[in-house]
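In what comes next, chain A is part of two complexes: it sits with chain B in the first one and with chain C in the second one.
Up next, the complex of A and B:
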């Protein structure tokens, strides 16, 4: 059996092992690569940067726990930016499985860093079922959809919510999501209530979302861990995504080499069969 | 870190390793983790909907706020369980008809506003790059859109000009698939990195 035949029949577990080693090695020998900022990430950053201080922004945590590696760094970088500008933040989620607790944990942790007070500088509305009703209802009355916040406190008792009654009292919506809910933030909220929407989405979802950015329906986009790293770069808070992109780049190089070898093995094998 | 938190991290680490063990080969540990995940998710959703829908949006408004008319959607919801008994299957159609009607009504407007008109308008505009008009990109978008649409036009054989245009459409579709594949690889690798960080920082962190 020739070398190329052996490559063609290689047990795929060797490839898994190579990927594992590539992921683990930078934990001990850190690998860093420069992060270029895409125009879409810059657009999102500029849109938030242009917002007046002390205005209200809605930040959504529409994410399941399994996508946290991509979505949590985006939310953290966004909160750094928002709190640093003294923007007041209202958070919510349309995802029941983990969404409310992720919003609570991440927002409170960052709020403590910037000495923000719950109820005054930020509020977590939590989760309500039936996202279509939620997205439409918030345009009319937030209190009709969320009579209480995530902890059960009536909105009437929260100072921030005294002046925030619907989308019209918000300047921007920053959607962090790992699922198709982003389509409804565009088609229901942006299209019908004319409020600018920017998004951080998982890499799998990103290609489709570029169409919304191109048409002007979405104000900026972060795609996957790369997008999160770009926003970390823009807000100068290098964290998990920036570190992760070092590993990511190494794995991409590995995969390109493996795809090259795989194709070479295929064509060599075909040539040999043709000669025979 | 409390003992409970350490236990949670160890449990998470055990389940993570159990799921990853599938990469070597299918085994009882992987099966156990898979079944635990499916069972907990199903149980969680049942409890969640009982609380957030049945209790918060039906029981409380009807019994505390006097919104008695909510009993009607409540009954339609109960009808949906008719599918469990062959003789009562017809009852479920009332609930389904209501859902289909409201869904069509809500999404007709939103799809028209958000996707059809919004995307048509976006295609007709001059494309911008860094705030400057870019005519090459604009031409690519228009050619790509028309060629791809023609590829999916099956009422005439793809020969002659139609065939050439459809072939151009295939190239655009392939580029799109390539972009999707690249992003998907990046996404999956990101998830692996997230789990490895969890094992390295949180799990091994409890042993330091």
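Up next, the complex of A and C:
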């Protein structure tokens, strides 16, 4: 077997080892990189920045726990921005597996930092089944879909919800998601109720969302951990996503190098077989 | 009768939702009816979770009883269902005050603890393992075998570099305008137009499928053709 054939048939465990080393190295040798901001992330930031102080924004935690590495930093950066502007935040989720817990944990942690009071400055509506019905129903009456908040407190007892009856009482929707629910936030909520929707989505979902940004149906976009790092840069709160950029940079470069070596071995092996 | 009634329900419900979507119906009978339908739909969705939970327990418990191959995993599944379900259903008032925080789904409850320290790390681990498989698969399968594959390979490599700071610095060193060019022409140009075409095609397909359901032509949702 020639050298290039051996390279071409490299045991996958060597590749796994390389990936593992690439992931753990930045943990011991942390390095920071300048984060450039894409026009889509800037558009989202500018839209939130332009909102009047003390208005109400809906922040959704439509994310499963497996994608938290990408989505949680987005939600945290968004909350920094919203709470700093004294914007009141209503959160909800369309994900039953942990969605309410994630929203509760992240929002309460950030709220404590900014000394915000539950029920006055922020409310967690939690989860209700059948997201299409939920998204559409909130446009007419939030209370008919969510009679209580996540902890079972009737909305009538929460001061913030006295003046928030439907989408028309909100100025912006910030969707953080790792799944196709974003299509419904655009096609149902933005299309029918004309409320601006901005989104933070996982990297694998981001390319599709450019169609919505281009058509003006989506006001700004954060794509994956890089998008989260861009928002952290914009709100000047460098945290999880910015730290993750070192690992992601090395992994992307490793993948490109591996693809290059794989192709080189393929062509060299083919040339050798052709010559023989 | 078994076909006509569901088709009639689907038609009437669909028409109400359709009218309420395209016309402002907040203050008339269509608005009220559509809101009621949405509430019913959410409640029915809740019952589907109950059915799912019952089904998963029944199927797995049967395998445990019959000691089928891998029954240990079935037992673990059943135990996991109850481990999450029971603490979440317990009311705070049922427990002594010192233990009340363990009940329900709030922060500090058993349900929340299991979610944060068991469910979340496990699902993230499963997701993270993909990185190893992707690296191995890319090394073996991502070959420039044809012009189309070569184009895909070059584009993917450029976008992968553009999406990370170190790669972006590398692209900048080649030409300062290269990262911006990728965003403008690859992502907001070629990618956007292709994604829009796919979205339009899917939307037209969904619209025609919905129309078939409304008119009773499509009946597979009732378990028959």
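We adopt the following convention: the second predicted complex is superposed on the first by the 276 of 276 C-alpha atoms of A that agree within 3 Å, B and C clash if a C-alpha of one lies under 4 Å from a C-alpha of the other, contacts with A are read in each partner's own complex, and residues count from 1 in each chain.
We adopt the following convention: a contact is a pair of C-beta atoms (placed from the backbone, for glycine too) under 8 Å apart; a residue touches a chain by one contact, two chains touch by 3 or more.
Keep in mind it's a predicted model, so treat the numbers as computed, not measured.
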Quick one: is A:39 in contact with chain B, with chain C, with both, or with neither? Answer first, second, both or neither. both
| request: Name the contact category of A:204: first (chain B only), second (chain C only), both, or neither. | output: first
Which holds for A:261: it touches chain B only (first), chain C only (second), both, or neither?
-> second
* Touching A:249 in the superposition: chain B (first), chain C (second), both, neither? -> second
Query: Touching A:16 in the superposition: chain B (first), chain C (second), both, neither?
result: both
*asked:* With both complexes superposed on chain A, which partner does A:240 reach: first (chain B), second (chain C), both or neither?
replied: first
Between chain B and chain C, more residues of chain A are touched by C
TODO: Name the contact category of A:274: first (chain B only), second (chain C only), both, or neither.
DONE: neither
Is A:52 contacted by the first partner chain B, the second partner chain C, both or neither? neither
Shared chain A footprint, chain B vs chain C, residue numbers 16, 19, 23, 39, 66-69, 96-97, 128-130, 132, 136, 187, 192, 203, 207, 211, 214-215, 223-224, 226, 248, 251-252, 255
Given the complex, residues on chain A that touch chain B span 13, 16, 19, 23-24, 27, 39, 66-70, 96-97, 127-130, 132, 136, 183-184, 186-188, 190-192, 202-204, 206-207, 211-212, 214-217, 223-226, 240, 244, 247-248, 251-252, 255
Note: in the complex, chain C contacts chain A through residues 17, 21, 26, 31, 34-35, 37-39, 41-42, 44-46, 48-49, 104-107, 111-112, 115-116, 119-120, 123-124, 126-127, 131-132, 134-136, 138-140, 142-144, 153, 157, 160-161, 163-169, 179, 183, 187-188, 191-192, 195-196, 198-199, 203
In their shared complex, chain A is touched by residues of chain B numbered 23-24, 41, 44-45, 48-49, 52-53, 57, 106-107, 109-111, 113-115, 118-119, 121-123, 125, 127, 129-130, 141, 176, 179-180, 183-187, 189-197, 200
Chain A contacts chain C in the complex at 10, 12, 15-16, 18-20, 23, 33-36, 38-39, 64-69, 96-98, 100-101, 104-105, 108, 128-130, 132-134, 136-137, 140-141, 144-145, 150-151, 187, 192, 203, 207-208, 210-211, 213-215, 223-224, 226, 229, 245-246, 248-256, 258-259, 261-263, 266-267
